[in-house]
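Which chain is which? They are A, B, C and D, in the order written, and residues in each are numbered from 1.
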Amino acid sequence: MKQRVYEIVEEAAPGNRASQAFDIFIISLIALNAVALIVGTVEEIHQVSPQAFRTFEIISVAIFTVEYLLRVWACTADPRYAHPVFGRLRFIVSPIALIDLLAILPFYMVLFVNLHGLDLRFLRAVRLLARVARLGRYFSGLHTLARVVHAKRSELLTVIMVLSILLLMTSSLIFFAEREAQPDKFANIPQAMWWSVITLTTVGYGDVYPVTVAGRLLAGLIAIVGIGLFALPAGILGSGFVDELRRSTDPPRICPHCHKEIHE
Amino acid sequence: MKQRVYEIVEEAAPGNRASQAFDIFIISLIALNAVALIVGTVEEIHQVSPQAFRTFEIISVAIFTVEYLLRVWACTADPRYAHPVFGRLRFIVSPIALIDLLAILPFYMVLFVNLHGLDLRFLRAVRLLARVARLGRYFSGLHTLARVVHAKRSELLTVIMVLSILLLMTSSLIFFAEREAQPDKFANIPQAMWWSVITLTTVGYGDVYPVTVAGRLLAGLIAIVGIGLFALPAGILGSGFVDELRRSTDPPRICPHCHKEIHE
Amino acid sequence: MKQRVYEIVEEAAPGNRASQAFDIFIISLIALNAVALIVGTVEEIHQVSPQAFRTFEIISVAIFTVEYLLRVWACTADPRYAHPVFGRLRFIVSPIALIDLLAILPFYMVLFVNLHGLDLRFLRAVRLLARVARLGRYFSGLHTLARVVHAKRSELLTVIMVLSILLLMTSSLIFFAEREAQPDKFANIPQAMWWSVITLTTVGYGDVYPVTVAGRLLAGLIAIVGIGLFALPAGILGSGFVDELRRSTDPPRICPHCHKEIHE
Amino acid sequence: MKQRVYEIVEEAAPGNRASQAFDIFIISLIALNAVALIVGTVEEIHQVSPQAFRTFEIISVAIFTVEYLLRVWACTADPRYAHPVFGRLRFIVSPIALIDLLAILPFYMVLFVNLHGLDLRFLRAVRLLARVARLGRYFSGLHTLARVVHAKRSELLTVIMVLSILLLMTSSLIFFAEREAQPDKFANIPQAMWWSVITLTTVGYGDVYPVTVAGRLLAGLIAIVGIGLFALPAGILGSGFVDELRRSTDPPRICPHCHKEIHE
């Protein structure tokens, strides 16, 4: 029976109808929870029936708790966590199980522990993010993205380092150029970094911008050079993504005449 | 004769002069209609001669109505819609015929039904969009784009899902960081989503931006990471587009084993 | 002697020292002219010595006029323009010679014809643009770009058409969504187009942005979808550019073992 | 012993533990210095203990000075700088050694020379940038990027030239379109260039934007065309980066004629 529970609570194998139904139920519940938590921050909607939000929250946590306990109980069916005690402990500290725990623990902490407003807010954020993160497990797209990031990690690291040095240099330069003309907006280098990030990513809110001739010359140069470099991660991720998806979907090509494989 | 009408009202086959002339006439009429509807929203221009706009509208709808009726009458020449009654019904509910209907129906609804101002405005939008959508049928470029989107649908779906989760997470985080400093701009998560979309797409209007240190750190991180991910759909579409267009122009490949041509 | 003048005034063939020197002289003069015209618009600099700007202008135009006349006189050395009268006329109406003429004609028009202020301003712009355009002739990079645009013209046309239809649709939609909330900023569809272009290109000045819930939902959707499409021309141009430059610089690959060419 | 010092102060060869430890120590010290210089510009943090910042600065400069002198003394172990006098002089004027000198010299200039406030600020910037630039030596990612920029230099030069001419033309056009409506923001062409750069890079702060119909038509056109061109450097760098990294990981190619390996 433990084997059966394990199969149901874990991601569905193809053809396992009960497990698929369970997955769909949990995904829907998480999605509904995310919607409730988001919509619940809109005062006008929350005031219509705070009780409904509360009830839905309690039912959800109850279901997630049962699911979590079932997972912990049944995990020994997995050869990696076979030991009744240490296997379960190792399962509990695995990233996936920790995220599951984070999605329910804040509810009980608020219930049993006396907490201040700030903590409550923080716990809500944790709960919401943990629930959304749980959704990720069910979608292969996120696994693909994770594989791409892993495959391109050296390129991405290189680029991140180059960007960090670029960010440092541009922030220092604009700070020395604008500090006197706009002492409130370029008071120090960390503040100048806010300008650098918003400019180099081409967001350009317009809350901070250079006004001196030197600052504008610098900003123009930074914008042109920096954009080329800041677009690199997108390009690397993009090409990796396209490659990764092509690899998994393209069958090896067969020559229709001699029926041998063609490696490209 | 029905066969002849059918050939004329449908997209022109190469060499069919009458049908080509008809296509050019309809395309010009649609383009003129779009221009009239757009320019007609400029009060100064509309007031010069409201009658002229009205007359042009009536003539256009009359022509589009005749064209629509001819299409419905002649569609039985197409083997797919051969049945005199059910074939025509199936044609009427086909997407292309529905768009044609939407381009004329609002005119008659305003004429015969008593409607309020709001509906009139909505009907105008429908009419304008339907007419522009009709134009699409005549251009092969849109078919190419549709094919690319179809070929890359799994990649695009994956990316859209990743972006949705990213949007949810960044909106929640910035909401918890900024809600107290700017309660009017980050009053709830749906409002914070507006900021997220405008930042992640690098539009950056500047109507909403973080002011706290935590919010700015978060925004900087979100901008850098998010832009890499939000540029993915563009990259996927772009590479798909280039592939699609290359496929139709590239020479056939040669198998390196038997040296024969491989047609893809 | 005409042959010699022709060789000197036309773009230098490799090894022709006199012609190269002449090219460098003309390029420098055009660059100096552009700088003078640009810097001359700064009131503080122009007032230092209006006479110096005037003198430099007169000398430049004199040299350009002599160069233009020499070109017209010597063009018969080119087999395409061999006929003494009709050849020269055909040369004069060729795009390159017309640009040359536009770079000097405005000066004489101001001198001999009585013109109003507006025309003067316009003529200055023409003169400046024509001179900068003349520079283009000497740089192979612009020829490369022109070849790329030509090679990718069908793709670019397709994309431009898709973008035009997208622009029309988004402008109409946002107009109907925002016209009541912001009648001054979304007064008509042409005004809404300004918003569309600035949003779809992700410039996002922040002078116009939606404030209604419907408008923001629409804008978010438009931003995400539209950016993917608006990045297409950049991607197409970019890949074409890389291909074009690779083609002209990469020698055909030779296998070092059997010394045959390898076509990729 | 000089050989040993040389091995330690230069970049570590694999397996040389002492040299690796020295590298890590210097990297950490540079990073800490950069952090101290950045954080030191925040008045609130600097005022906590100006003495601590001062002491850390003195210790750092002392260590960098000793390191610099050791490098100069030991450089003769490198065959390129073998001559005791001229070799050392040639080493001192090499770019890397000059950057090292710039990272310490400003400190002594402030100490021994009587300088004004402006110079002090400038020297600080030099010191900070030189220290960050020193970091670059230790990271292979920057070497990769430098190789990519070098490999693509002709493409990048071409694009930079095209962009310069585009910038000139758009600035002139918008200047003539907007100068009368906004004489304070488009007073001259250099000012209009600020608008051009910020628009063409899609930063779009919103401090300057066209308000006339002609200006907006122009800006819309410029935004669409220009973005395609301004994205070119990013595309070229990106594809060069991907190529460069692929080259080091790809399997050797096989000649289709003789089936032997081809090493690139």
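Here is the rule we use: contacts are C-beta pairs under 8 Å (C-beta built on N, C-alpha and C of every residue); 3 or more make two chains touch, one makes a residue touch a chain.
Quick caveat: nothing in here was measured; it's all calculated off a predicted structure.
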Quick check on subunit A against subunit D: do more than half of the interface residue numbers occur in both copies, making it same, or fewer, making it different?
different
Rotation angle for the CA superposition of subunit B on subunit C, to the nearest 5°?
90
Taking each chain's centre as the mean position of its Cα atoms, how many Å separate subunit C from subunit D?
31
Give me the residue numbers in subunit A that touch at least two other chains, ranges are fine.
202-206, 231, 235, 239
For the protein chains shown, what form does their contact graph take: line, ring, star, complete or other?
complete
Could you list, by residue number, the parts of subunit D that touch subunit C in their complex?
154-155, 157-159, 161-162, 165, 168-169, 171-173, 175-176, 187-190, 199, 202-206, 209, 216, 219-220, 223-224, 227-229, 231-232, 235-236, 239, 255-258, 260, 262
In the complex, subunit C residues that touch subunit D
34, 37-39, 41-43, 121-122, 124-125, 128-129, 132, 135-136, 139-142, 144-145, 163, 193-194, 197-198, 201-207, 230-231, 233-235, 237-239, 241-242, 245, 249, 253, 255-258, 260, 262
Footprint of subunit B on subunit D - complex, ascending
202, 204-206, 256
